[in-house]
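Working notes for the structure below.
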Amino acid sequence: MTREGPEADLLAMWRIRAFEEKLQELHKAGDLLGSVHLCIGQEAGPVGACTALSEQDALFATYRGHGWAIARGVPLRPLFAELLGRATGVNGGRGGSAYFSAADHGFYGENSIVGGGVPHAVGAALAGRHDGSGRIAMAVFGDGAMNQGAVPEAMNFAAAFGLPVLFLCENNRYSELTPIRDMVRNEALTDRATALGISATRIDGNDPELVRSTVARYADAARDGHGPAFVELTTQRLVGHYIGDVQQYRTRAELEEDGRAEPIARARAALAESGVDTDAVERAAREEVGAAAAAALADPPADPTTAKEHLYA
Amino acid sequence: MTREGPEADLLAMWRIRAFEEKLQELHKAGDLLGSVHLCIGQEAGPVGACTALSEQDALFATYRGHGWAIARGVPLRPLFAELLGRATGVNGGRGGSAYFSAADHGFYGENSIVGGGVPHAVGAALAGRHDGSGRIAMAVFGDGAMNQGAVPEAMNFAAAFGLPVLFLCENNRYSELTPIRDMVRNEALTDRATALGISATRIDGNDPELVRSTVARYADAARDGHGPAFVELTTQRLVGHYIGDVQQYRTRAELEEDGRAEPIARARAALAESGVDTDAVERAAREEVGAAAAAALADPPADPTTAKEHLYA
Amino acid sequence: MPELNYAGAVNAALRRCLEELPETLLYGEDVAKPGGVHGVTRRLWKDFGDRVFDTPISESAILGTAVGAAMMGRRPIVEIMWADFFLVALDQLVNQAANIRYVSQGRLTAPLTVRTQQGNSPAACAQHSQNLEAMFTHVPGLRVVVPSTPQNAYDSMVSAVYSDDPVVVFDNRTLYLGEKQQVETGGAVKPIGGGTVRRTGAAATVVTWGAMTHRVLAAADRLAEEGTEVTVLETPWLNPFDHEAVHRSVAATGGRLAVVHEANVTGGFGGEVVVRALEAGVLSGRPLRIGAADTRIPAAPRLAGALIPDTEQILTELRKFTRA
Amino acid sequence: MPELNYAGAVNAALRRCLEELPETLLYGEDVAKPGGVHGVTRRLWKDFGDRVFDTPISESAILGTAVGAAMMGRRPIVEIMWADFFLVALDQLVNQAANIRYVSQGRLTAPLTVRTQQGNSPAACAQHSQNLEAMFTHVPGLRVVVPSTPQNAYDSMVSAVYSDDPVVVFDNRTLYLGEKQQVETGGAVKPIGGGTVRRTGAAATVVTWGAMTHRVLAAADRLAEEGTEVTVLETPWLNPFDHEAVHRSVAATGGRLAVVHEANVTGGFGGEVVVRALEAGVLSGRPLRIGAADTRIPAAPRLAGALIPDTEQILTELRKFTRA
């Protein structure tokens, strides 16, 4: 299977969804604790966008970042291990579900402060301007984050200096339990980027190929010195804000509609038509994920005697 | 003389300018200490906007707020007294040049944190919605403040809830010693308001009558439930950011052009043509200001034994 | 007296304030229709209409509008969902709210209450685990309270809202769904300040607040079984803080003082409690400070557990301390 | 050795860092073309081109981009024009920079330096007068230094920039244009931490930092004329803080310890210094804490003067203390 193309995309999306579904199981079983934010339904964004990035590019995500880490190529076992508090986790259990990083894979971290990572991406782009790497950076954040002051500050900073950074807004229509439409007067979030002089577009975020080509185009422009860009991905989460959120704030009709729009259902239908055995793709993903989870569960827990290490140089 | 009309406006503008020029003198003489931000050249904004407000409306300004306080009707003697650290100051010397208030006159304070007062105005508008006062609120801030996160946060908050607040941006083209054009990619600052769903316009901020009619129109709309508005006033300061700033960052040509655009020169020329004795207007303002300053200088200094009072209820 | 858990007690206090004080408003992220991410503000939106509302994710706007509304005579109660999030908007409390009364010589006031919750819970990340009360107790002009039981959560919330000063109320989310208690609702509004003697004993005075209270009491019970009785003074109000009560107790317990909080030790408010006792001349020998290690807080519960005092650690340290 | 005032010394240190470390960047509001509102960064933009630049009034973006650039191997030096302005963007230091190394187990680091200045100057308003170092010393993961002389401003700036941890450097603007001093520029980079014995005497140990150092020394001189010699320990580095040096000195001065800072007393770092000495068992009798009154700072210099320790007040209190 190649890295691009609909079948590869489906596998990549399944890998993420199977990972998230496994977390649901682990949470139910009591192996996984705390607040865990799943991206079930939002897999097309990470899969499309990450395949448009180069190795040296820097990605900054949010607490809803598992899919982004996986799409960036972070191996599954140390990811599970991180969430399970194992010594073998990508951060030895220090980060947890909402705040881990895997710099080796260009994944410069989740962030559990809404908007907190967005200026980091701008800083990474600034670094790229000076270190000769040709790096671009990408910040991923939600619709709700648009209302957090650090985000427009970071966007303006990037615009003013023409920095090579892409702002990717995953608009899943909700911020925790509150719909974005109730929190803004103008729902066209791209207008905010345009107002800062940033090229902006809103696209179907459930289509990995469209995400890839859009991001690739802006990434090329950024590399060529045309400055930042803003891409809004319309998408949906099929599950609650965190594991345990029963989504009383959504109607059944809305959930059904989202179920039809979501990327895996769509990709599966399209590929099935062209004769691909999509069940096999799903099985492959689930096997990979299952093996990684089992291995991580068997990994040694983080060692409390090391808990004070690494605070200072 | 009536409250409105070109001659009243000229007097009101002269009152502000004479006040500020007196401060220059007092600073030179060592009576006035510290960082003092004058609004010389920017008098049309306060004069035009404040005459469009009602008594119960709430105004929130910045450290460059003397003119706004004066236009709101705060008497000159306690204003001077405040800046001179006198017990008779509007805040008994606690506020100083950059952070005084005079709530009795609907002047809810300067603020010396860039953008810090903008959410206060939104909060005052929110209060107005609940207290039956029919109050609207107005936040005044500079071009540079547009890049401070609290400002877009406050603007979106007002927009989302349709609150009766006017955002008045005094664009004097500089933030301290740095030109706004170097700090933004899109110089049309009104776009940022529009993007949030806020009606916005950019007008000649050196024309008090235009400022008044524009603000009055939006104030009426806000009172009628049409939500917030944003007015950008193009203007200029004829002096440094603070007393002592020698403005090396501005060319002589620019200063000369600003000298032609500034509101008092323009109003004087216009009124002289229609036969008004504008020198008499100036003299009247200077006399009033001179008397107030002299009185304030004779007022008792703030009493150090009271310095710990009023911290808590 | 209704039986309420901590969340229910706060809810009852908020309901009382909304009923009694028409100038109150209650807002924050997810507090209205969803009833709060911890369910604390459940049903208030239904009953009080547009005085209770959800906001954008804009902490500077939440706090800043509360300051502005308070200046105009409203009495806003706003929520910062996690204390860690204060840090994106601290200006509005420290540079703004705290200054208003002082600088205007009382012509303006800022009677607002900020509700938040803090501390570590299993697997919470480093950005959702801090205990930040000491940052606020260093700021003249702000009142600070860190309750621990349904009753004192109720009382301090009502007192906070009735106070004419800005008050920050720090809950701990691990307490919300704790045991129910008979809570005296209604009744006179208590003045802010003060604490409670939770048990008495001559071996030492242990001062504590917030979620640690329960661990300290459990440790003190165990210690009592071993024959050592300590006084436990719970002091939810850190500003105003009742230093005199501490000093009286320390004097009565041989000059021995221990302070226990969840915040990390260095720069924690425990240090202030100790120094005041020292300055008052009531201490004898070395005091004991127990708090989180001076590190960040890792997500893995086993790691965090090694850094944050639990009953076992408190017991061990108190045992050593009282026997020294 | 060049003769430099404090501002010149910082400028020289920045110049050296920009020369020696190509990965440094220097930015902030008005720091480049205008050379800084206090002239500290003058001419650096001319000489280092686009590595030195002016920014929008966006403290979250300034600090946040510095964090991001530092994670990628740059070594940013950024300015927050007034320490009070940290409060609009504290998240980026406390929730972000301080966590990076710890949480990533050292796979990522945040070697950034934040320059700021603080304290009161004549007629500065309440929002431009605070001393906030204690907020930062309570945060594990951040280094903190508060210099007082051209030489230690130079040294600590160089050490800060070379440090692989986030460091906050608090200047005091009243020192910038103070007396010139022979400053040893160049030379080996000193490790962070430590302090200086500024004078010795047996009557007491006085610990101080920042602008207060000069007032303390002046008071100590006057006290010496009266026949009482105190040791003055200047400790610019508050994290890491050399508690051992304080304890040795306290032990050598009869267990008597005074701490003087400009920040308000309650919750100030002085309390921590005292408690550590108490915990180390070197104190005897009551300590002395001198700092600003626990109020806001009013603009009128006569009012502020009544709240912030000056030489006279320090002298009076030290006199009483050493004679007690």
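Labels A, B, C and D are assigned to the chains in the order they are written; within every chain, residues are numbered from 1.
As a working rule, contacts are C-beta pairs under 8 Å (C-beta built on N, C-alpha and C of every residue); 3 or more make two chains touch, one makes a residue touch a chain.
Labels paired with UniProt names: C, D = Acetoin dehydrogenase.
In this text, all values refer to a predicted model and were calculated from it rather than measured experimentally.
Undergrad: Farthest chain from chain D (Acetoin dehydrogenase), going by the mean of C-alpha atoms per chain?
TA: Relative to chain D (Acetoin dehydrogenase), the chain with the farthest C-alpha centre is A.
Undergrad: What is the distance in Å between the mean C-alpha positions of chain A and chain D (Acetoin dehydrogenase)?
TA: Each chain's C-alpha centroid was found; their separation is 40 Å.
Undergrad: List the centre-to-centre spacing of chain A and chain C (Acetoin dehydrogenase) in whole Å, with centres computed as mean CA coordinates.
TA: From the centre of chain A to the centre of chain C (Acetoin dehydrogenase) is 35 Å.
Undergrad: How many Å are there between the centre of chain C (Acetoin dehydrogenase) and the centre of chain D (Acetoin dehydrogenase), using C-alpha atoms for each centre?
TA: Going by mean C-alpha positions, chain C (Acetoin dehydrogenase) sits 30 Å from chain D (Acetoin dehydrogenase).
Undergrad: Scan chain C (Acetoin dehydrogenase) for residues touching two or more other chains and write them down.
TA: 55-56, 58-61, 84-85, 88-89, 91, 95, 99, 102-103, 125-127, 140-141, 294-296, 298
Undergrad: At which residue positions does chain A touch at least two other chains?
TA: In chain A, 92, 94-95, 99, 111, 113, 116, 147-150, 153, 156-157, 160, 182-184, 311 touch at least two other chains.
Undergrad: Chains as vertices, touching pairs as edges: which of line, ring, star, complete or other describes this one?
TA: Basically all the chains touch each other, so complete.
Undergrad: Contact residues on chain A for chain C (Acetoin dehydrogenase) in the complex?
TA: 32-35, 63, 85-86, 89, 92-99, 111-116, 144-145, 147-150, 175-178, 182-184, 248-249, 301-302, 304-308, 311
Undergrad: Which positions of chain D (Acetoin dehydrogenase) touch chain C (Acetoin dehydrogenase) when the two form their complex?
TA: Residues in contact with chain C (Acetoin dehydrogenase): 60, 84-85, 87-91, 94-95, 98-99, 102-103, 125-127, 130, 134-135, 137-141, 263-264, 266-269, 271-272, 274-275, 278-279, 281, 283, 286-287, 289, 294-296, 298.
Undergrad: Can you name the residues of chain D (Acetoin dehydrogenase) that touch chain A in the complex?
TA: 23, 25, 51, 53, 55-56, 58-74, 76, 89, 91-92, 95-96, 99, 101-109, 111, 140-141, 143, 163-165
Undergrad: Show me the residue ranges of chain B that touch chain C (Acetoin dehydrogenase) in the complex, using the header's touch definition.
TA: So the residues of chain B in touch with chain C (Acetoin dehydrogenase) come to 58, 60, 91-92, 94-95, 99-101, 103-104, 108-109, 111, 113, 116, 118-128, 130-131, 135, 137, 149-150, 153-154, 156-157, 160-161, 309-313.
Undergrad: Please name which positions on chain C (Acetoin dehydrogenase) make contact with chain A in the complex.
TA: It comes out as residues 29-30, 33-34, 37, 54-61, 84-85, 88, 121-128, 293-296, 298-307.
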